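Chain nomenclature is as follows: A, B, C and D, assigned in order of appearance, with residue numbering initiated at 1 for each chain independently.
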């Protein structure tokens, strides 16, 4: 029985693009996941292993970053129009190109114009533990996702034979804060939670960060100094956003084009108490 | 070699509690996940299968709903204090009770006081498909989570031998809207997306719903009637919130205490076009 | 601008069905997720809120359990054929019914014919902690999913005003074991892991269980008694499988038809050490 | 109110390591996720932003790959012992190092010694659609996770200005197969599913692959040629495993050390029908 290939398509999915546009008075942050799908005259790749017309999906991914560098956009539809036009123009074997885009929302933190938070999945938490002696209340929050696009560096660290990381004086710093704390007054009104959350956001936004550790401490310090909180524990995964090297494509990346990476991630923790 | 049980605990996790407080001018919505953990004199259950002191975890779950009925709360800490007090008072074998609570945020929709949306995981989407003939743009959104606590009924449906569902003139209606649409003008500014989202929210909030189907159509109709949209497809899973039967506990549920259920769920879809 | 409904469908998704067929020498376990979708003459429900022809999706769910009771099947295709035939025959407004089925695999545990494990997501784990004093190794496994369809009871527990749970001498017991242990000899070959896993499976399968606690202890005891293990911690969520009440449909459930529920779930933990 | 840092730790989580040991008669595949956590004299990093003692978590990650290259292991405990020893010896400020390892299981495919499948989450699927004219049955499977460690190349593809991908004659090929098919005989016994699955596994294992497309077609062709299947659709995400460049560390990677990347991923699809 013979076999016939009656339909085929291929492409790249889950290309993670983060861009920062830097204006004098503010930054603009875009966070988009892109998928690309080609249809056309590609049957020989399937039936004969002939790759002569198969643009690598890795190239599709690179194209997303390269075109993003030269074409800032407000609406994802416009970037999709650009990508499909590019791919169809430069790939004569493709008869149809589909681009799927999903934009993940970020909101500015208060009046700071270079720090953002992402609504989504944030939870208020509490743990109440009681035994025959008494009761303990721990308040908290989880998954408060934030990002700084300015005032974040990581320099001066030790190097050994396995160290490849370059020093940077201006990187993105993104994390999903998990915090738990105990109040310093037994009669506290638990609605104080809203103020703790606000101080965490503001201190994150304003801090001149030398590391995640440094910012974690500044956030904890701000809380115990200004509010009725005895002790706060902070757990902050470092969600790395890596600048894309555009030089092989003849382009410069002025710290504007990043790939968001889900793993591996740093994990930084610490507990700050009133002294 | 003998074996010694050196530590043990048990309890119920992931108890999903949704409450509605109904005031003349507005509703208040709480959405909380509760976990309960007992430690104490329970070794005989492990070593000998003696259940004499083991309060069923199903009873722990029922207690959450029963206590919620009589004790509305603003802060989850207060509900945790109540629960631990109840469990420790009524279970002499328990030496320590831990209650973990996580509150999921909901925000009112505009000026409507009986409809809510949940920030979290919402995405703006676009699909651009281009071939040698032309290009097609489909705009959309995913995971716009909304709930109505008034103006939602489901009555008059057919019954067969397998129908157990009671008719209801006042139920919760919750869904996670996925919508895709095409604009009616080729030169549209894609930022019109924000108005489509607003009309979807407002029409959901204001509609006097006889079913998910009924509300889906009203939302689609509102969009194509008031904005430059040619056609919109809506997919709306029915996230069932089931009133808890409190009568066995000698309590009345005045349509205030619900269990949120993840599965199964209804799925309602439809496409509305300009006529 | 008028609006026209140009396409619609509705139904029930994520109906979780577990069946046990009880033969003298063995049990057969089926675990299936079912989705149902109706198309047809349902436009009035959307446009006018007329529910006269809208079979509730809750009824669709009940039908899955009721038909499963009378029609044991080997291949999910056969059950899909039965369901679509039933729905199309009894719902004149439906012009097209689609049923999606996904079967989750279970394998018998060794020679025991009434206990099963589910390949999928199981992980071998290790934690090595070293300080200037020395090193500690903890071996383990996660997500070892198992189910007993015989020799599991839960009776004799205390009842309070919130207790509704019936006593049962023959229930399903399903869990996802997480275990961590320390070996009793410093020079152990870590490949002993495979024997610990085997003893956990066998003792789970063979135990005459009066509760999850009871079986947890039997499993821990078997490990420390028969292998070079000093101490083992076990964490076992109780994944409840609830018999469906078929009496309203004129059917008897001979402990064969269950709904698998993801939440809430019991969580039972304990640590067993050599004595 | 002063603030005191009372506890801290940091490290790298979710380091994805895949290794292949190549013996004349077989390959051995290891798939491990590693997490690393340092405690010690790191307070100045938090309080003063002094990074002088903070080994970058990126270096921790590199160390995992570099040490794996020189130290093949059977048991993850042994690799954890090696890592903690290395980190504690070379980082005088660290007082305690914890390494968490989770191994993901792979099994050889039949008698082939260079192809593997991963139990976990595989599902058998069916879709039955019936209207007043007749019925259509589509059988299938989802999430059949497989990997080839030999006989997989990708060469001869076109290059444009954005192409960076090197050609390779010996790469890892991993995917999670989703397949749907229709049988060619109306009276087929649906248990034939097991043979379709077997032919998919065997043809994947034995194929001399020039691309995912090429192997997809070979799998589909094997099914329609040897079994009563009329048409099969295959969807195969390309789960990229990228060789780690060890040259900066003075080491050679003889195609043995890989990082498993979750995103982006290629997606290759096609439908093969009897001709």
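The rule is short, and it goes like this: contacts are C-beta pairs under 8 Å (C-beta built on N, C-alpha and C of every residue); 3 or more make two chains touch, one makes a residue touch a chain.
In this text, all values refer to a predicted model and were calculated from it rather than measured experimentally.
Participant: Any chance you could name the chains that touch chain A and chain D both?
Facilitator: Common contact partners of chain A and chain D, which must touch each of the two, are absent.
Participant: Comparing centres built from CA atoms, which chain ends up most distant from chain D?
Facilitator: Of all chains, B has its centre farthest from that of chain D.
Participant: Would you mind pulling out the distance in Å between where the CA atoms of chain A average out and where those of chain B do?
Facilitator: Centres of chain A and chain B (C-alpha means) sit 28 Å apart.
Participant: With chain centres defined as C-alpha means, what is the inter-centre distance between chain B and chain D in Å?
Facilitator: Centre-to-centre distance between chain B and chain D: 36 Å.
Participant: For chain B, give me the residues that contact two or more of the other chains.
Facilitator: As it turns out, chain B has no residue touching two or more other chains.
Participant: Report the complete set of touching chain pairs.
Facilitator: Applying the touch criterion to every chain pair yields A-B, A-D, B-C, C-D.
Participant: Using the touch definition from the top, list the residues of chain D that touch chain C in their complex.
Facilitator: 74-78, 80-81, 83-85, 88, 95-105, 119-132, 135, 137, 139, 142, 189-191, 193
Participant: Residues of chain B touching chain C in their complex?
Facilitator: 1-16, 35, 37, 42, 45-59, 61-63, 66, 90, 154-165, 209-214, 216-217, 220-221, 224-225, 231, 233, 237-238, 248-250, 262-275
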